[in-house]
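Each structure below is given as structure tokens.
Below, subunit A partners subunit B and then partners subunit C, in two separate complexes.
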Partner chain A sequence: MEVVGAQYMRNVSRTAKVADYVFRVVAGFCASSPAIFLLLIAGIVVYQSIPVMHFMGWSFLTHTRWDLGNLYGAMVKKNGVTAPVGASYGGLVFIVGTLLSSAIALVIAVPIAILTAVILAYRVRGAIAWILSILVELLAGIPSVVIGLWGILVLVPWISAHLAPFLRHVLGCIPFFGGQVGSGYGLLASGIVLAMMIVPIITATARDLLLQVPLLAREGGLGVGMTTWEVVRYISLPYVRDGLVGAIALGWGRAMGETMAVLMVSGNAMNILPSNLYSPISTMAAFIADQLDSAQTDASGMAVHALSELALVLLVITLATNLLARWLVRPRHGRRKEGVAK
Partner chain B sequence: MILHHTKWFAGAAVLTALLAVSGCGTGNSTNNATNASAQPGQNATASGAAKTAGSISLTETGSSLLYPLFNTEWIPAYHKVQPNVQMTAASTGSGTGISDATAGTVDIGASDAYMADAQMAQTPGMLNIPVAISAQQVMYNLPGLKGHLHLNGAVLAQIYEGKVTYWDDKAIRALNPGISLPHQLIKPVYRSDGSGDTFLFTQYLSHGSASWSQQYGYGTSISWPGLSSAIGAKGNDGVVAALSKTKYAIGYVGISWLDKAVQAGLHYAALQNRAGQFVLPTTQNIQAAAAAVKQVPSDERVSLIDEPGASSYPIINFEYLIVKKTQPSTTTAHALQAFLKWAIDPGKGNAASYLTPVHFLPLPADIYTKSQAQIAQITG
Partner chain C sequence: MKRRRRRNAFSYLGWSIAWLAAALVLFGLFDLLVSIVWRGVRSFHFAMLFTPTQGVAGGLENALLGTFELVLIAVLFAAPLGILGGVYTSEFAGRRTAAAIRFLAEVLSGVPSIVIGYFGYLLLVLQFHWGFSALAGGIALTLIMLPYILRTTDTSLQQVPHMQREAAWALGMTRSQAILQAIWRPAAGGIATGLLLAIAIGLGETAPLLYTAGWNANNPSLQLTHAQVGYLTYVAYTYLDQPYPAARDLAYAAAFVLLVVILIIQLVVRGLVWRTTNRLQGRH
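Let's turn to the complex of A and B:
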């Protein structure tokens, strides 16, 4: 009986060993792939940008003129790099466009998302809560090209005819809100479209965080006579502060990297910085998507290198945002780390 | 024990899936990239398909303007002529078409613009073969205005440079005597993505304006003057949407979008040609311009902007197929030649039944001869 049992056990352990080995290889391969992909992408982008770094130096970040040069003419050599005559790669317009449009998106989206999350977490119950949550998640699932189409057909004409003249009328004395209202394509349209896309991300995360606030703490607040608003302001929001910053950083990253919807409503400005809220802009992600096809016809290859450097700048800024968020939520001396897992 | 088996099966399934995926990947890339190496007989034997000498595949990427012609007209028709030739087409943009063709990842790159000298020098042995004639119109959104506005390259250049900013500017009024124009800011619309349409339009502007030619030149993407009133829109659909939703806007649209744009309430301009006449992009006027094309070099890389003749429409172009002169095998070379000959033949691929649905016009007789001569240069 012992012998039979040992035989039996040995068989199992061999199978288990194979399974374990397979598991280790597959899991190891899968777990290392994000790091490998990130390094590969970053490496290629850096390598591809080197010729433009030589060609433009730091003025890539400070100049506003983007010109592929005459692709049908002769080549010139500058700083040891060959490029078409008249070529100049200044990315400032796209950097400013990316930062401004994503900042406007945050200004619009954060209050909406947090207040929605408060309602979802504390004020509605049962079927209504379920339906509202589903709707918020459905909003996140709308493809960006659909939002962009809606932007072109509905939002842009509305901004041009109503919202922009209204804002100029009410806030026109503040420099950024005055001036020409333009065609509706531009900074304001991009900000609103981006806000629509990041509201669901921030809302869903904030709702889950607010649900983690201990019921006892909230009831205690109400018990000592605090209003609903005071409970949210002084008990719930401080409790989830770290997680909220993370959620907002996630939304910001998404807003800066978003391509299609912005491309469709931004007006895709070139060689001009926005002068007010209604000016046409262009973002780094949208510009790369737009220009890559023409860039490939540059025999010197510089146009593709220049777009790579723009991608590198976008990567660095997104990474910096992420680090900034981590720094904001760093564990501080004398402040007890509270039980917010995210 | 059941648990262990489940794990083992799961692991095996994952591995199998990975192998299958990577296997497919390799298979596909081989098919796409080096279909040339497919030997006669090989595929036929493998697939068990009978008598044909062997099937061969030809791949095409590039121009979104040429894509409907390939996808809905030529490929189904050619499949009936040559059932053993499998063709696939993809709409990627002209620039990608050219770079795919020069890299050899596809057999045919479709482009609205011919290859630049620098590219030809970099990748010698490429052929730019015209297969059809296309055109472009200038469209605007001026509520209440009937008829066709008269415009020319010089005034259009000034509009896009920001020198002519209102519709009732004297430069526009001078071309349109007796028409009352509104005192409204002009909103110029350009293509933000790389486009053969931008290539044509900026060539027309360069012809009409020395300052445009010097400062901005022409190309599939150019460095547009920074105007706060300008709108960059993606694709012909984006331009039509921007024009139809923005009062007092003006832009350029490919001829295949003419019907849709007119339905959207837009009007198009009569453009001044070299003879000084204002002409509309009608079939007759485009054909007149195509017939006036002279002095086409043997490599056929030439601009057709502003051809002479009283009725010649000024913005027309060749639609090109970019192919390698030296093909990796004689089989591919023969298959490619046979297809290209069929495509430009006025009684076959260049027949109105294929070209009219996409608003292209057939090649004139002397261009047909020159394209034939280029096709004859393809060798295995």
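Let's turn to the complex of A and C:
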């Protein structure tokens, strides 16, 4: 069949085809850059940790003593690796600090974030909803150094003067809440600043999830005589449960990897496990940031390798939580719309 | 009847607690903003913007310029990589490849920033012998910004209707010509938004720079390697510990300047988003 006007159709020129190909290849290379960077990060960090893996073995994860040894004395050889005398690299304090502070952050942040999301999704609309959502997103954009500064200026004095004595007074009979109140710098302060940083993440995701709950399901709840709160409690929240767990896991990963705010309020503990809620701690991320100077003074290079293994442990834990979160929030109902269907 | 009253009371209680939680979040945000701005305004002088740091006092000129240099380097790397990567994900990649790229970008954005900084230290500062330098810091920031730019570019291109592509192809354009001449236009606002947000993130980062950029009390030179650079977040973090009031003032001022710049960028972005959504709604 003859196409009308076919004589006016022009073939795509050769240059255009070549240009198309070149553009596609360049864009493809750029698209692969996250993969390349990830491989590079993992490769370098693993490679640099090998000496300490030999030196410490699994006790890196179970020992509490982190000691760079006598940096100006003789070297010893152990398991084929040369290190300063008395050196010991035990990361347990920092692993425990990371897990505990992020757990406290979750205990504080999860109820607050979910309840806030319920309000944002169901109780406000129009301009007020828009402004409140923006404020929550603003909180997510505040740099961690600024939050740490707020922690030092406002939070730590308040904890040492009011919150910690109050908690000890009320809950003191429970082991973890009793004991020395300390300076305010410590586990509780770290948990609260971390909560401050993950509330907006969880709130934003939870609000979007709650808005996706079908109106019919909620109206059905009201129709059978539920109160509005019971609709939220027994229909909306169970409907989005998997997504919520994913959002929480995402926040957890963020809390474990957070550096500056924790570094500023944690009290930078070394070689000692926290004894109560108010003890100074340190997290893996904060400790790496804190050890810059000592890493440079160790001529044997073992301090650099040890911090590298700490970074590796942190990377593995946060990636595992992140993957879990992605798996839980993955879209299940219907496929994502594609721009160019293939 | 009694049961009904109890349930109503529970409903009332539940909503009260929820409102309380929302109020607590807002209170936290306002307390933070007010205390930082209050300290900042009292410590900030405009002369600080034009004086470099001297010892524990002086100004912020070196840190400001250093921050801009680092972010500029990061944008120069991250913007092409992220935008072209996003274009590939949305326009060229098949369903599975696109899903894999999105997944990897999200994994990269989940890597803790201190790990990225330490990676930069191990590879760029030590292995490549660049020393603490603008280029090492810029590349560390690139790794932070890249996944955001890629994802926002991808999502804004996904929202362009398929018909626009078909129209462009029907004119005899190749896929690249269609993207470069037609499809990017409706997505441009979204891409710009992503870029601005990535810049705001880069401005506020500290952890990736501690191990890569170092610190310099002088204004940054144009030397890319073997010259340390100062940056604002370093002042806010380090000078707070100094026992001198002048140093602390500098830390408050640095946090204040940082907060103001980031808030302005955030508000501009919201304005942009609000305008485009309003315009789109007006058209339909």
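Here, the second predicted complex is superposed on the first by the 302 of 342 C-alpha atoms of A that agree within 3 Å, B and C clash if a C-alpha of one lies under 4 Å from a C-alpha of the other, contacts with A are read in each partner's own complex, and residues count from 1 in each chain.
To be clear about the criterion, a contact is a pair of C-beta atoms (placed from the backbone, for glycine too) under 8 Å apart; a residue touches a chain by one contact, two chains touch by 3 or more.
Small disclaimer: the values here were computed from a predicted structure and weren't measured.
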Partners on subunit A (subunit B, subunit C) - clash or fit: clash
Touched partner set for A:115, first subunit B, second subunit C, both or neither: second
Touched partner set for A:280, first subunit B, second subunit C, both or neither: first
Which superposed partner A:66 touches (first subunit B, second subunit C, both, neither): first
Touching partner for A:23 - first (subunit B), second (subunit C), both, neither: both
Which of subunit B and subunit C A:184 touches, first, second, both or neither: first
Which superposed partner A:311 touches (first subunit B, second subunit C, both, neither): second
Which of subunit B and subunit C A:169 touches, first, second, both or neither: neither
Which of subunit B and subunit C A:288 touches, first, second, both or neither: second
Which partner reaches more residues of subunit A (counting touched residues only), subunit B or subunit C: C
Contacts of A:270 with subunit B and subunit C, given as first, second, both or neither: first
Contact residues common to both interfaces of subunit A (with subunit B and with subunit C): 12, 16, 19, 23, 26, 152-153, 263-264, 289, 292
Residues of subunit C defined as touching subunit A within the complex: 7-8, 10-12, 14-15, 17-22, 24-26, 28-29, 31-32, 35-36, 39, 80-95, 98, 101, 103-108, 110-119, 122-123, 126-127, 143, 146-147, 150, 157-158, 160, 162, 165, 172, 174-177, 179-180, 197, 200-201, 203-207, 210-211, 233, 236-237, 240, 251-252, 255, 258-259, 262-263, 266, 270
Residues on subunit A engaged by subunit B in the complex (per definition of touch): 12, 15-16, 18-19, 22-23, 26, 64-68, 70-75, 84, 86, 88, 152-153, 156-157, 160, 180, 182-185, 263-264, 266-272, 275, 279-280, 282, 286, 289-297, 299-300
Residue numbers on subunit A that touch subunit C, as the complex places them: 9-10, 12, 16-17, 19-20, 23-24, 26-28, 30-35, 37-38, 40-41, 44-45, 48, 111-113, 115-116, 118-120, 123, 132, 134-139, 141-150, 152-154, 196, 199, 203, 227-230, 232-233, 253-254, 256-260, 263-264, 285, 288-289, 292, 304, 307-308, 311, 314-315, 318-319, 322-323, 326, 337-342
Touch list for subunit B against partner subunit A, complex: 1, 4-5, 7-8, 11-12, 14-15, 92-96, 98-99, 113, 115-119, 121-122, 185, 187, 192-195, 217-234, 238, 241-242, 245-246, 249
